[in-house]
Amino acid sequence: MSLLSIRDMKTQIGQYHVLHGVSFEVPEGGVFILLGRNGAGKTTTLRSIMGLWQPSPGSVMFQGRDIAGLATADIARLGIAYVPENMGIFGGLTVEENLILATAKGRFDPARLRRIYDLFPALEKFWTKQAWSLSGGQKQMLSVARAIVEPRALILIDEPTKGLAPSIVAAMGEAFREIAQTTTILLVEQNFNFAKSLGRDMAVIDDGRVVHSGTMADFAADADLQGALLGLSA
Amino acid sequence: MKTTGMKQSYGTLTVKTAMLVIAGLLLFAPFLFQDIRALEVAARICIFIVLVASYDLLLGYTGIVSFAHTMFFGFGCYGAAIALRQMGPGWDAVAIGTLGGVLVSLVVATVIGLISLRVKAIFFAMITLATASVVLVLASQLSQITGGEDGITYRAPDIFKTATKLMVDEDGKVLRWFGVRLNGKLAAYYFVFTTSLVLFLILLRVTVSPLGTVLKAIRENEARAEAIGYRVVAYRTFVFCLSAVMASLAGSVYAIWLKYTGPDTALSFSIMIDILLMVVIGGMGTMWGAVIGAVLLVMAQYYLRDLMGAASEAVAGIPLLPELLAPDRWLFWLGIIFILLVYFFPRGIAGTLMTRGMRT
Amino acid sequence: MDKFGEILHRFGGVNLLPVALAAIAFVLIGAPSSWVTLTVAGLAMGMMVFLMASGLSLVFGLMDVLNFGHSAFISFGAFIAASILAALGGWLDGGVILASAALALALVGAITFGLAAGLFFETVIIRPVYRDHLRQILITMGALIVSEQVILAVWGGTPFTVPRPAFLEGAWIIGDVSIEIYRLFAFALGAVVFLGLMVLLNRTRIGLLIRAGVENREMVEALGFKINRLFIGVFMLGSALAALGGAMWAGYETLITPALGAR
């Protein structure tokens, strides 16, 4: 059984239909990549899973339970973390406060904290700094760290490499690989090369529908399909 | 909304019929209701229709919440009042006072608009509230010019004096038509009626012009209107100025009619609340709503108290109810009606009526 | 002013502003004795205004709701406290303990009302119109109108005399400096509340949530917190602070009218 199973999810924002029936399956473990052009509906898909937009009708099954229509907070408590496109960190709070807010009981699990320090040494260094003063890459690290400070079943990550320097992108890739050994990641990505190196399974969204799904290996080998679905040349 | 070319719903017809009836009643008010109080009510209705319609241009058509509308009304009132007081009752004083009021309104509105119309609605509301409070305090402090809390009394141009005879019969007495004396009071009422009608028609013309369409576009989706290329701040400032000028003109006319101007009649916050109630109860975003709201509320102010007085006596003995039904508590009930309307009928009476029968 | 309150929470540094103002005033006034009197008066006044405005700024900062009905909470707080004091009039002259009990009851009464009214306001009046500023302004204005009328209906339009506990009457004379005791009391209570708020915001998890919620509501939700409950709590807190401020104000003015909250 897959971890997350989305059936015919339609989302309307105001008077606009953004998703026209999105369906795909995210199996347990590893990194699942959601590809698509700008405006195809990738971010809306993540937000709908998270309950930040109300999807209707259709179903979102998470660990065998329909979570469509639940409040965002309840969805989060079931074990889904969200790393939004704008990173969603609290700039007026320190790095420590940002992270401690994400813990369930207001205390850090020492082992998990050690792991975060190992993955993102910069966070330890700037532990008491206010988050707004961090660089873009460090903010992104903080946002990801916040998602793994407690054990989660699924992490939704929206375009984490946007606007980051290549060296930081590489570090981020390493971190994702490490995280994916224990947690499933649903990753929205525009950077195809980055996505190719990480993903096991994937789906492509275009104009509010899933137009292709399969394994990353097959998709990476099919240049024509890439060109047709993503507009990638070469 | 697709209203053009569509067959008019019976709701719209009802509203338009009501408009004709109201216009007719106001036009013949001096002949239909031959007592002083009724004429006061009719004149107040005329003035408030303009005041409320000009406010609706802001609130309903453009989505701007301003608490300074009474202030502009007050500029008009005090402009005319001070000029009439200083220069004596003449048309030159009326012209200078009115123009002065309009100019002050225009300047203040432009400054407020340019500074604060780009910020969020809430901040704009706060800024207008603060400005209006400052002006209210100024008006009661600068008693040399404004008469302070007591206000100013003055004489209107001679033609509006009650003693003035517009037409005389053979004996030299004032002529009567259908029992109505053709005196200055009548002239004053028709002055109020005509100017109000003209101002209202101008406002009506604005709302059906291309400008009105742009305003609605801005209200519905500011970002998109901006993206299409409309300079939202410029449009908003323009509308704010236009409505300020209209309010100021209405104020001058009211000052001439009342022959008295003070903080209570021209500037007080309760007038602002009245205007808000009228716009929301009548219906935001339609000029007809302004008319209905103004008529209903002015009537309520004058006549509801009597009714409530009777009701209050009827429930005497039950705790608290008599107090809540006391004649002075009419605002309590209007406040509740207001809240319910904002929740359940945000289009107000006119808007709700006009959509009735449109879909089915 | 509401912005000021928010900044006050954020940066302790702004706390120096009154000190700076007082220093300037000292130079301007010259005479030290009247300077002390005026400064204490100003501080007491400032603390009461802080009590009333802090609720408004908390609610506005976190929920993006500008509550025009806020001033009604202030008025209600004032009238309820005054009524309780008047009802317990006998206690006020019966020694410090009884008088303190009466005062405490009056303040608790005002706060309780504030909490209840806040709960009612948040869930019934404001909840349906979140994110719709226009209707929010209109609804809270409507609520303000109705509240003022209720006050008029219950307490009548005539000014209401507020009895004060005897031990808060009068002034201390130190040399040629005279300090009204009630002002000191108002200042002290305001300072306690201020410190309490600072601790709440900076040292507790709730405070952390509030500060995070001011910045990004959605993310607070996505971390698994029900922001609605936080909203209700903060709204109740804000209303209670307003009512408390109103109650203190009533004791300060000693003669109150229904239009009090409008300032």
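Going in written order, the chains are labelled A, B and C, and every chain counts its residues from 1.
Just so it is clear, a contact is a pair of C-beta atoms (placed from the backbone, for glycine too) under 8 Å apart; a residue touches a chain by one contact, two chains touch by 3 or more.
All values derive from a computational prediction rather than experimental measurement.
Asker: Measuring between Cα centroids, which chain is at the maximum distance from chain B?
Answerer: A
Asker: Which one of the chains is closest to the middle, using the mean of its C-alpha atoms?
Answerer: The most central chain here turns out to be C.
Asker: If you average the CA atoms of chain A and of chain B, how far apart do the two points sit, in angstrom?
Answerer: Whole-Å distance between the two chain centres: 55.
Asker: Where the CA atoms of chain A average out and where those of chain C average out, how many Å apart are those spots?
Answerer: 44
Asker: When the centre of a chain is set as the mean of its C-alpha atoms, what distance in Å lies between chain B and chain C?
Answerer: Chain centres of chain B and chain C, defined by C-alpha means, are spaced 36 Å apart.
Asker: Of all residues in chain B, which are in touch with two or more distinct other chains?
Answerer: Answer for chain B, listing residues that touch two or more other chains: there are none.
Asker: Touching residues of chain B toward chain C in the complex: what are they?
Answerer: Counting only chain B, the residues touching chain C are 59, 63, 65, 120-122, 125-126, 269, 273, 276, 280, 320, 323-324, 326, 328-329, 331-332, 334-336, 338-339, 342-343, 346.
Asker: Can you list the residues on chain C that touch chain B in the complex?
Answerer: 60, 66, 125, 128-129, 133-135, 137-139, 141-143, 145-146, 148-150, 152-154, 157, 262
Asker: Considering the complex alone, what residue numbers of chain C touch chain A?
Answerer: Touch list, chain C to chain A: 10, 205, 208-209, 211-212, 214-216, 218-227.
Asker: Residues of chain A touching chain C in their complex?
Answerer: Chain A residues touching chain C: 50, 52, 71-73, 76-77, 81-82, 84, 88-93, 97, 100-102, 104, 106, 146.
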